[in-house]
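Take a look at these structures.
Both of the next two complexes hold subunit A, though its partner changes from subunit B to subunit C.
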Partner chain A sequence: MDEAIVISGLRKAYPGFLLNDVSFQLPRGYIMGLIGPNGAGKTTVIKLILNLVRREAGHITVLGRDNLREETWVKSRLGFVHETPAFYGYLTVRQTASLVSRFYPAWDDARFRELAGEFGLPLHKRVSRLSRGTVMKLSLALALSHSAEFLLLDEPTSGLDPVFRRELLERLSALIQDGRTSILFSTHITSDLERLADYLTFLREGQVVFSSSREEIQDNWLMVKGGNELLEERYRPLFQAVRSTAYGIQALTSRSEEARRAFAAGQVLLERPTLDEIVFFLSKGH
Partner chain B sequence: MLKLIRKELIFNRNNLLVITAIMTGFFLYFIYRGQIFSPRAYMLFTAFYVGASLSVVLESREAKCKTAALTCSLPYRRKTIVAARFALTWILMLAALIYTSLLAAVIPFSRLDMGQALSLKFILVSLLILSVIFALLLPFTIRFGVMGVIIFLVAIQLMGVVTLFLASLLRSGRADLLSPLSAAIRGLKYLAGPQSTAAHLVLAGAAILLLNAVSLVVSQALYARRDL
Partner chain C sequence: MLRILIKDFKAVGLFWLLGLFIDVFFVTIFLGSNLAFLLAQVLMIFLLTLVQPAVEDRFGLASFLNSLPVNRADVVKAQYVSTGLLVLAGLALFVAVPSGLGRLILSPEIKTAALLTPAGLLSFLLPLILLELLFLPLYFRQGLGKSIWYFLASLIGLAVILTGGLRIVSGLAERPMSEIFPVDFGILTVPYQPFLPLAGRLKAALGTAGLALVGMLTLSGLVWLSMSLAIRFYKRREF
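This part shows the complex of A and B:
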């Protein structure tokens, strides 16, 4: 299958943080959600793809080309939204678009105007006077106006009101219908991804906990609820995370078939976990 | 690269206008007080001022606005981004030298005879001084960012004090303590003087190119290593 991005063995160390052996891939024409708690390494992965930070090991291939050796080619086909977008404050929205447009041969000014209208961007207002949400909308409009084949969106819904957030998610969903556009979308708002993502990669403390399709996650992960007997040694290897409450035990497993076999009907309650529950349990660990 | 140069120009236009206004006022004063400054001192001072201020402005503004991530996300290699900034700074420095020379030449109340300074030899000396300042400053600001700029500005102030001190030492006959500095000054004077030959000028030209090439390569390497 044609891949939008292939990441293998990625490593980057900061004082007090190590992104280690990160590997995942996304087929072209799909959306991947990059999830994980704060400080898990989501932004670092996106920065590594854009070569904003130097990797210490590993390889990144975007649209079939190495992101460092063919950096210019790769970046000309990328649309990006940074976690905290920074623009030249004294330029107006119109001037900012004009400035950015010169760098992309495929820039479509009519499309930008259309998006600016839909997003309610004040074209003649200085960027420094825009709210955080509006700056994010500007960043999105710029990313969507040059026919990017791969969109890298770092927390794009943060600072947006719920109505626009929903509209944006619908727009992103429509974008990939052409079968050529792919999106890597980092967020900690898991409800966004349940609606949108085809694939999910979960990062925790700089490591990939899982990276698979939404269907696989739904099939493989299971929430087991029961009494304290779930803490017995023989069951322990089944669980990725366990939470003990006053009313019993909740445990998360990615070995759903084995769990179903291990527990007799009626002994425990087996439920399909929400993405939010998976993220919560895996973030908290045992 | 032209697109990047244009972007930097647009990005820095307000700062450049302010610098031009300050520079105009500053140099008009020097032009008016022409009996104190020789045209050559004026030219050298201009080279120093322009070299120091412009190379700092481009780097510090990007750091202040935190737009480095935006610039480096555009479809260019970091090497090209640094090369564009390098080229733009040189264009602006040369434009500023021409501008201040024109100011001194055409302003009616000017007391400077710029004909004395506008010789090939003296222009070469000015470019050499510009290159030394710029070659040191560009990697320095790229490596240390805004803090580097602040340190540099403090260092410039200290350099003024040290220069005055050195000048007093030279005058008091203790020039042996300052042999490298005095040798450099003698070298520049020799280069600008009538006894320097074409070979010396070629060597000076080569030194200018070499200094700039090394500065550019070091700056590109430093910028490529920077995490944004």
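This part shows the complex of A and C:
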């Protein structure tokens, strides 16, 4: 299958943090959500793709090309939104777009104006006078105005009101319908991903916990709820994360078939976990 | 690289023009003393080249600018070219102000002839170029904030080395320092006066053309070295 991005064996160390052996891939025409708690390494992965930080090991290919050897080619086909977008504050929205347009051969000014209208961007207002949400909208409009084949969005919905957030997710979903545009989307708002992502990669403490399609996650992951007898040694290997309360325990497993066989009906409650529960348990469970 | 230059001009060109305008009306007040005018002009143009890094630093644009489809080496080269253009603009003002504008604004009696000789022009260009060549690699390695501190520390270090070197030469040659590096009140009107004996000896040894050639080669080598270091440093920078 034609891949939008292939990451293999990525490693980057900071004092007190290690991103280690991160590998995943995303086929063209799909959306991947990059999830994980704060400090898991999501932004570092995005910075490594953009070559904003130097990797210590591993490879990244975007649209079939090495992101370092063919950096300019890759970036010209890539739309990005940073977690905290920054622009020349004293320039207007119009001037900012004009500045950015020079760097993209496929820049479509009509498309930018159309998006600016849809997003309610005031073209003649200075960027420094825009709210955080509107700056994020500007960043999105810039990313979407040069026919990018791969969108790299770092927390794009943060700071956006719920109505626009929903509209944006619908727009992103519509974008991939052409079969050539792909999106890598980091967020900690898991409800966004349940609506949008075809693939999910979960990072924790700099390591990939899982990277698979949403269907696989729905099929494989199971929440087991029952009494304290679930803590018995023979059941332990089944669980990825366990939380116990005064009333019993909840355990998360990715081996749903084995779990269904192991527990008799009525003995425990088996539920399909929400993405939010998976993230919570894998981040906080024991 | 041209795209980056155009971007820089569109983003901060107004500040540059404003700076040059202020330069004309501010630096002219030093025209009474050629040395003060020279130093003020060097400082003003140097500060003007800091405008673009300062704006990018103020708005935290490093991640944004480096996410655009540009080669980091081109970013460095564009910075050297824009710095070079500002130095040339500074040189144009350095010539224009004493020869015309300054006399018009101040007094026609002001004696600025020493500034408008080849030695006078070199005494403006060389220190400015050397300052830029020292500063830019530091900037691309450390960013604006840290680089200014490192830069000041480097200047103090160089001053210590140069004065120490002069003392050693003076001791070895058994001649007073004032003979090797003659500084008196004449420096106020002829700022390059202390370098005249050295320049005279070099000219006698190499000839005018030889001296110019050696000077050009040395300067080109320094530009190449500074830019290579800056590119190397910037490629290793993380944002």
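Please note the rule applied: the second predicted complex is superposed on the first by the 285 of 286 C-alpha atoms of A that agree within 3 Å, B and C clash if a C-alpha of one lies under 4 Å from a C-alpha of the other, contacts with A are read in each partner's own complex, and residues count from 1 in each chain.
As a convention for this text, a residue touches a chain if its C-beta (ideal position, glycine included) is under 8 Å from a C-beta of that chain, and two chains touch if they have at least 3 such contacts.
Worth saying up front: this structure is predicted, and the values here are computed from it rather than measured.
Peer 1: Mind checking subunit B and subunit C on superposed subunit A, clash or fit?
Peer 2: clash
Peer 1: Answer with first, second, both or neither: which of subunit B and subunit C does A:F87 touch in the superposed model?
Peer 2: Both: A:F87 reaches subunit B and subunit C.
Peer 1: Considering only touches as defined above, state whether A:L50 meets subunit B (first), subunit C (second), both or neither.
Peer 2: both
Peer 1: Once chain A of both complexes is superposed, is A:A110 in touch with subunit B (first), subunit C (second), both, or neither?
Peer 2: Neither partner.
Peer 1: Between subunit B (first) and subunit C (second), which, if any, makes contact with A:A264: first, second, both or neither?
Peer 2: So A:A264 meets neither subunit B nor subunit C here.
Peer 1: For A:R102, using the defined touch cut-off, is the partner it touches subunit B, subunit C, both, or neither? Pick first, second, both or neither.
Peer 2: In the superposed model, A:R102 contacts both subunit B and subunit C.
Peer 1: Please write out, lowest number first, the residues of subunit A touched by both subunit B and subunit C across the two complexes.
Peer 2: 47, 50-54, 71-73, 75-76, 78, 80, 82, 84-89, 91, 95, 99-100, 102-104
Peer 1: In the complex, go through subunit C and note every residue touching subunit A.
Peer 2: So the residues of subunit C touching subunit A come out as 3, 6-7, 10-11, 55, 59-61, 63-64, 66-71, 236, 238-239.
Peer 1: What residues of subunit A sit close enough to touch subunit B in their complex?
Peer 2: So the residues of subunit A touching subunit B come out as 47, 50-54, 71-73, 75-76, 78, 80, 82, 84-91, 95, 99-100, 102-104.
Peer 1: Where on subunit A does subunit C make contact in their complex?
Peer 2: 47, 50-54, 71-76, 78, 80, 82, 84-89, 91, 95, 98-100, 102-104
Peer 1: State the interface residues of subunit B toward subunit A in the complex, per the touch definition above.
Peer 2: Going by the criterion above, the answer is residues 3, 6-7, 10-11, 14, 65-67, 69-70, 72-78, 224-225, 227-228.
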